[in-house]
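Look at the two complexes coming up: chain A is in both, with chain B in one and chain C in the other.
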Partner chain A sequence: MSSQRQASSAAQVPHLSPAELSYLYTSLALPQNPIRPDGRSPTQFRPLSAESNILPGTNGSARIGFADGTQAIVGVKAEVERTVLISDTLDVDQDAETVEGAEESASAATGGHGSWVQMSIEIPGFRDDDALPVFLAEMLRESLVGSVGGNEDNGERHMAGGLKGRLVINKRWHWRLYIDVLLLSQPLSYPLPLLSLTTHLALLSTKLPKLKSTGEEDPFFDDDWAAAEYLYPRSSTINSNPSQQVRPPVTLLVISVGENVIFDPSREEIAVADAVLAISFTRNSDSDTGTDEPLKLLLTQRGIANSETENGNGPDSAAAAEEETPGVWRPRRGGIKRSVLAEMMKTALKKGGVGEEVLAGLEGVEVA
Partner chain B sequence: MAITILPPVVEDLGPYQADSDSDDSMSDISDSDVDMDSASRPQKRARTVSKKLGDGVVIPGQVVTDDPQWMRGHGTYINPLSTSIIATVAGNVEKTNKLLSVRPLRARYNPEIGDLVVGRIVEVQSKRWKVDIAAPLLAQLPLSAINLPGGILRRRTSTDELQIRTFFSEGDLVIAEVQSVHQDGSASLHTRSLEYGKLRNGVFLAVTGTGGSKAGSSSKGGSKSSSAVPGAIPGIGGVVRSRRQRWSLIAENGGGEIDVVLGVNGYIFISKHVDNAAAMTNTDSVSHNRMEELVSSTIYSSQNDEIPMQTRREIARLSQSIQVLVQHGVRVDEDTVTKAYRASLQVDIEMGDDDEEEDEGREYLEGSKARQIIEIVLHGK
Partner chain C sequence: MPLDTSTTYPLTKLRLDGRRWNELRLIQAQISTNAASSGSSYLTMGNTSVMCSVHGPAAGRRGEATGSAGSAGAIVDVDVNLAGFAAVDRRRRGGGSDKKSSRMEVLLRSAFQSHLYTHLYPHSTISIHVSILSADGSVLAAAINACTLALVDAGIPMPGLLTACTSGMSGSALTPKDPRSDELDPLLDMALPEEQELPFMTIATTTKLPVGEDQMDEEQETGISFMSMDAKVHSTYLETMMAVGIDGCGQIRELFEGVIKSSSRA
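Right, the complex of A and B next:
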C-alpha cells in the first residue's frame, strides 16, 4: 500500500526508455571524460541562487534555488528550555529519544544532547510521516549533531563540543533549535543536497540573543538584537584562520558511473548511476592533530536514492547470465569498486577539492 | 570553481494595476506582516499604480481592471455581480482593441490534427498504448495505428495483441502524428509512416513555455521579441508549429549528422542521424518486401548504434542551446535552434582562450555565455 502511494506521489518521475538509459550510461561512463547531458564537467555544480535572513520571525533563515527550478526555504528558531536532570539510574535507556529532553544525564548538561536539535522536512506530495522526509530529516540532523566529533579538547573557542555544546547555556538551561525545512517545488531531483545546503546557510545566519546573566542563574538576555551573537561564529576576527572555524556540515550527492565520479547529479544521471553516495562533511576544526586534511568526513550513506535508480533493483537475477550487447541497456549489478569509492572520497574531501569550494562558496553568501 | 552561487534575482514584473477590492479582502490576513514586508522586500516590488493597463504579469484571481469598457477574452473571468475582469491564469495581459485577454506563461499542449509530437508510453493496454504528450489528457495510440512488422499495411492479428510490448513498452519514446482529437480534447495518434516510430540513439528534453497551443500568438510574440531586449518578454518560448519540425544538421567538431525532432508539444529529441536507406543498400539483392521487413524489424529495436564521442558532445551542446533559448523566452524552431547552435560554437571560440583549465566544462552554457548566444540569435544575422 505504502509503496503504491509513493509511486503515485512520485508519478512525475519519468520512466526512461532503455535506449535513453543506454545512451546516458555510455556517455557518462566514457573513460576520463564523461559527457553529461547538460555539458557540465564532472565536478561542476549547477548554478544556484542563494540568500539568507529572509524570514523576519526566525533566528536564521535561508533560501536556495537550483537552476532547475527547485527551491527550498529553511527557518531556524531557538527556544530556551530547562535542562531536565534525571538520576543516573535511568542512564540505561539513554538511546530512547522519544521523550523530549527527558533523558539527559548529568554529562549531557555540559556537553549538550542531540535531541536539542529538532528537524522537520516538508516535501510537496509527501505526508510528513512518509519515509522520505523522515529519513532525510534524520540524516541531516545526525550529521549536524554528530559534528561534535573530536574537537572536545578545543575548548578555548566557544564552539567546544560542536553545535551541541553551543546550545548549553548553563547547567540548568539550554537552547532548543527547531529547524524547519520546506521544499517549495516538486522534488525534480533527489532533494538531499538542496536541503542540506539551505540548512547550512540558514544555520550560518542564525543569531542567538546575547546572554547577560552569568553562571548558574536563570538566563537573562540582552534586548538589543544588534548585539546578538551568531550561532556559528563568523570570521570577524581577521587573525583567526577561517578554515579553523566550526561550520555546520554539508551533505553532497555523488554518483559513480563506470570509473567516473560525478557531483551534483541530475535526476537522469542518478537513474543510470552505478552507486549513489551521500557524503556529509564539515571543516576539520581539530587544530591539535595538525593534519593536512581540511575537511572531516562525518558519514556516508550508500544507495540512498535507490528508488530513483534504474540500477540494481530488478528482481531478475537470471539477467546476469546474459552476455552484454553493446547499445542495449541492462541494469548493473554488484557493488561499488574500492578504487572508485576512494576516488569519490578523494575528490570531495581533498585540499582544494569540491567540498572546500562548496563551503567557501556558501561562506561567501552575504548575510543581509 | 566547481560551484557558482548567484545572488537572488528580483524580477521586475512590470507595472500591474493596484486594485482596491482585493486589498480590502486581504487586509485582515496581511495586516500582521505588513511591517515585515516593507522591511524585507525591496522597494521595487511595491505596487506601482499605473493609470494605463500595463503588459505586466498577472496572477490568477487578480483584478486586471474594473473599467467596464473592456470585454473579457481568454484567461479572464467576470463575476456576475461586478464589472471587474479577473485573471484566471498567470500570464501577460494582452489587448486587442477592446478585448482583454491573459496569455498564460505556461500552458499544456492542446493537440490538433496533423501535429508532429514526441510522446512517452506510460501505459500498455490490450489493444492500445497510453502516451504522455504533455496534453491535459493522455493520448492513445491504438495497435491498429502503427506499422506492424512483416510488410506493408496489414490488419492486426491476435498475435500482435499478445506481443504488444515488443513494439512499445512503458517508458519508450515515440514520434507520432495526431490523427484525431476527441470531444474531451484527448488525442489519438498514429505512426503509420516510416518516419514515425520508436526513438533511440539520443537524448530527450522537455521544454516548457506555451508550446504549440498558442501558435498564432506565439509567432507574433516571437517577432515582437526579436526587436526587443532579450529576455524582456517572458513566457513566449517553447516550440511552435512550423514548416519543419524535424530536420538534420551537420554538426561541427566532427560530430557528423544529427537529427533534431521538435515535437509541437514541447518534447524534443536529439539523436545521431541514422540512414536507414544506406543500411539497406549493402544488401542489394533484397526484394521490396524483404526491405520493408528489415525496416520494420529495426523500427522497434531499443538497441543504440555505435555513437562516437564527438557526436555525443555535439548532441549535448545542441540540447543546451535549446535550453538557453527556452530560458530566455525565445521561440524554438529550426531557424533559432540552428542559429543558437552556431552561436554557441562562436562564443566558445571567443572564450576558449581565457580559461584553459576549465576545458572540460565548456559545453555548459550558462550566464554570460547564454546572454551572448541570445544576443547573436536575435540580432546577429
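Right, the complex of A and C next:
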C-alpha cells in the first residue's frame, strides 16, 4: 500500500506528451525572454506566504506556503549535550600527527562539529529513510554546517566558526540542534527551495536561552525566555550594515534551458531543463563593506537525485540514439555549458541579484 | 512545594494554568488553510496545535476497493504524524510510525468511519492527514476537532459536527465517591501537566439532525459517539466526568459553528 502511494507521489515528472514537452522547451529556450507556462519572468518566484515563530514549544519555527497549496513547517529544537571527544569524530583537517589529544579536542571544542546539527525531513507518502528525504536533508544540512561565519571585528559579536561555532557553549558542553522539516502536502513541485526557505526562516527566529554561567562551568541558563538570544545574532544598532551579519544559507533551484537561466522552476519546467542546479549561498560576512560580492557561494550540486530526473529516459536509454525530429522532445544529453553556468552564478549572486533579493525578503518577515 | 494539581487545586480551586474547573483553554480554528487539499483546517486548543487536511472522496486504491467493505461505502483512511518538535523533548524516531500515532490513527478512523455518511461514496477513499505540531494535552480531542472542521471544509456529509474534549478529575479518584464530603472536582480540557498526573477521558459528541416532526424542536438532541479512557477511575466518578465532557463538547460545537459560518460568508 505504502509503496503504491510513494510511487504516485514520487513521480516528479508530469504526464506530458513529447510534443508538449517540445513546445515547452522551445518557449523556455527563446533567446532573451523565455515564456514560462505561468507567465513569470525568469527570475521571478512563485507567490508565497510566510510566517515565523508559530509554535510556542520550539526554539524557532516557521511556515511557508506557496500559492499552489504546498506548505512546509519547520521546527527547531535545541538540547544541551556533553561534548564527547573521540578523535575520529573531529574535523581532521588538523595535523594528522597531532600527538596530544588535547590539542585536537581543543579544535573541536571551539570549532564545533557538523554532527551537532541534525536535520530530518518528513514528506507525506515517504518513509523518512527513503532516498528523497535523506538526499534533501543532507543537501540542506551540508550547506548549513559548511557555512563558516564571520570574523570578530568592530566590537560587535560575530559568529566565529559559523553555526558550528555558535553551538559551542564551552569545552565540555555544546548545543545540539534538531531541525525537523514537515512538508504538509504531497510535493506538487520539487520541494527543495520551499524547504530551504522555510528552514532559513525558522533558523532566523531561533532563540537559545541566555547563558548565565561563565567559562568552563557546567552550563546554567537564564529562566527568562525574554532574555534569550537569537541563534543568528540580530543587529543591535540600526546603522550596522546588514550585509555584515551572518545568516543561514539559502538553497535555490536554478535550471538552464538553452541559453536561458530560470529560477524557481515548476515541475513542468524541470522536466525539460538542460541542467538543474541547486545553489547554496549566504551573506558574505568575511569581506569588507565595499566589495561588490555581497554573497558567497557555498556549494552547487546537481539539484535532483539521479533517480528523480531524466523524464523516465536515462541518458543511456535507447531513445537518445534516435534521430532528432522537430516538434518532438527528447531528453538532452551531455553537460552544461560553462557560459551558462557562469550566467547562473552571476544572476544568483551579483549585487542586487536574485540571491540578495531573497535574503532581504526573508529578513523582512516579522519575527514576532 | 510540588506544583501539581492534586495539591494546589483543593487549596485554591484554580488549576495550574489559572483556569477554573469548567473552563476551556483558548480555542482558535481556521478552515481552508491549504489550497492543495479538498478540505483543511488548523486548530489550536491552548498550546496544542493540530493541522489537518482531507483528500477525497477519491477513487479507492486498487486492491482495497475491490473488497467487500469498499463497495458498501467510502473507506476513511487516517494518517497521523506527530512532528518531532511537538513534545517538550525532541522525539527520536526510527523510521515508520510509532505506537502512539498509530493508535490515534485507529481511534480516529473508527470515530469517523461510523460518523460520516460513507454510503454516499461507494468504492472511494477519504484520506485524512493529521499533523500534530505541538502537543500540550488533549491531543486526541484536538485531532478529532480538526478532522471535523477539515471534513466540513471538504463538504463531506455528516449528521452533525463531531466535537471532542477531555475531562478528568482533580485527584486520583480510585476510591468510591463519598456523597457527604465531595472534595474532588471534575476538570474540563486537560493540559499536558494535568494529563500526566490525573485520570482523564476523551469524549466526543454529535448532534442528531432534526428530521420530520422533530424539525420544529429548537433543542437539538446530542449523543455521545466516541469515548476513550486510558486511566483508572472508580465507576462512581464516571458520570460526573461524562457530564462535564459533554458540556465542553457543546461549547466547542457552538464555537465551531461560528467558525464555519463566518468562513463561508467570506
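Everything that follows uses one rule, which is that the second predicted complex is superposed on the first by the 299 of 368 C-alpha atoms of A that agree within 3 Å, B and C clash if a C-alpha of one lies under 4 Å from a C-alpha of the other, contacts with A are read in each partner's own complex, and residues count from 1 in each chain.
The rule is short, and it goes like this: a contact is a pair of C-beta atoms (placed from the backbone, for glycine too) under 8 Å apart; a residue touches a chain by one contact, two chains touch by 3 or more.
Computed from a prediction, not measured in an experiment: that's the story for all the values here.
Fit or clash for chain B plus chain C once both are placed on chain A?
clash
Once the structures are superposed on A, label A:I73 by its partner contacts, choosing first (chain B), second (chain C), both or neither.
second
So in the superposed three-chain picture, is A:G65 touching just chain B, just chain C, both, or none of them (first/second/both/neither)?
It touches chain B and chain C both.
Once the structures are superposed on A, label A:F263 by its partner contacts, choosing first (chain B), second (chain C), both or neither.
first
Which partner does A:P56 contact after superposing on A: first (chain B), second (chain C), both, neither?
After superposition on chain A, A:P56 lies in contact with both partners, chain B and chain C.
Looking at A:G352 after the superposition, I want to know if it touches chain B, chain C, both of them or none. Which is it: first, second, both, neither?
In the superposition, A:G352 touches no partner, neither chain B nor chain C.
Between chain C and chain B, which one touches more residues of chain A when both complexes sit on the common chain A?
Greater contact footprint in residues on chain A: B.
First (chain B), second (chain C), both or neither: which does A:G364 touch?
first
Considering only touches as defined above, state whether A:P31 meets chain B (first), chain C (second), both or neither.
Neither: A:P31 stays clear of chain B and chain C.
Tell me which stretch of chain C runs into chain B once the two are superposed: 3-11, 93-101 or 147-155.
Clashes with chain B appear only in stretch 147-155.
Once the two structures are fitted together, what part of chain A is touched by chain B and by chain C alike?
Residues 54, 56-57, 65, 67 of chain A touch both chain B and chain C.
Going by the contact rule at the top, pick out the chain C residues touching chain A in the complex.
Residues in contact with chain A: 34-37, 47, 49, 51, 53, 61-64, 79, 81, 83-90, 93, 95-96, 129, 131, 133-136.
Within the complex, which stretch of chain A touches chain B?
For chain A paired with chain B, touching residues are 14-20, 22-24, 26-27, 30, 33, 35-45, 47-51, 54, 56-57, 63, 65, 67, 263, 325-329, 354, 357-358, 361-362, 364-366.
What residues of chain B sit close enough to touch chain A in their complex?
1-9, 36, 39-40, 120, 122, 170-173, 198-204, 302-307, 309, 312-313, 316-317, 319-320, 323, 358, 360-367
Which residues of chain A touch chain C in their complex?
1, 4-5, 54-58, 61, 65, 67-71, 73, 75-77, 79, 120, 122, 124, 127-129, 178, 180, 182, 184-186, 188
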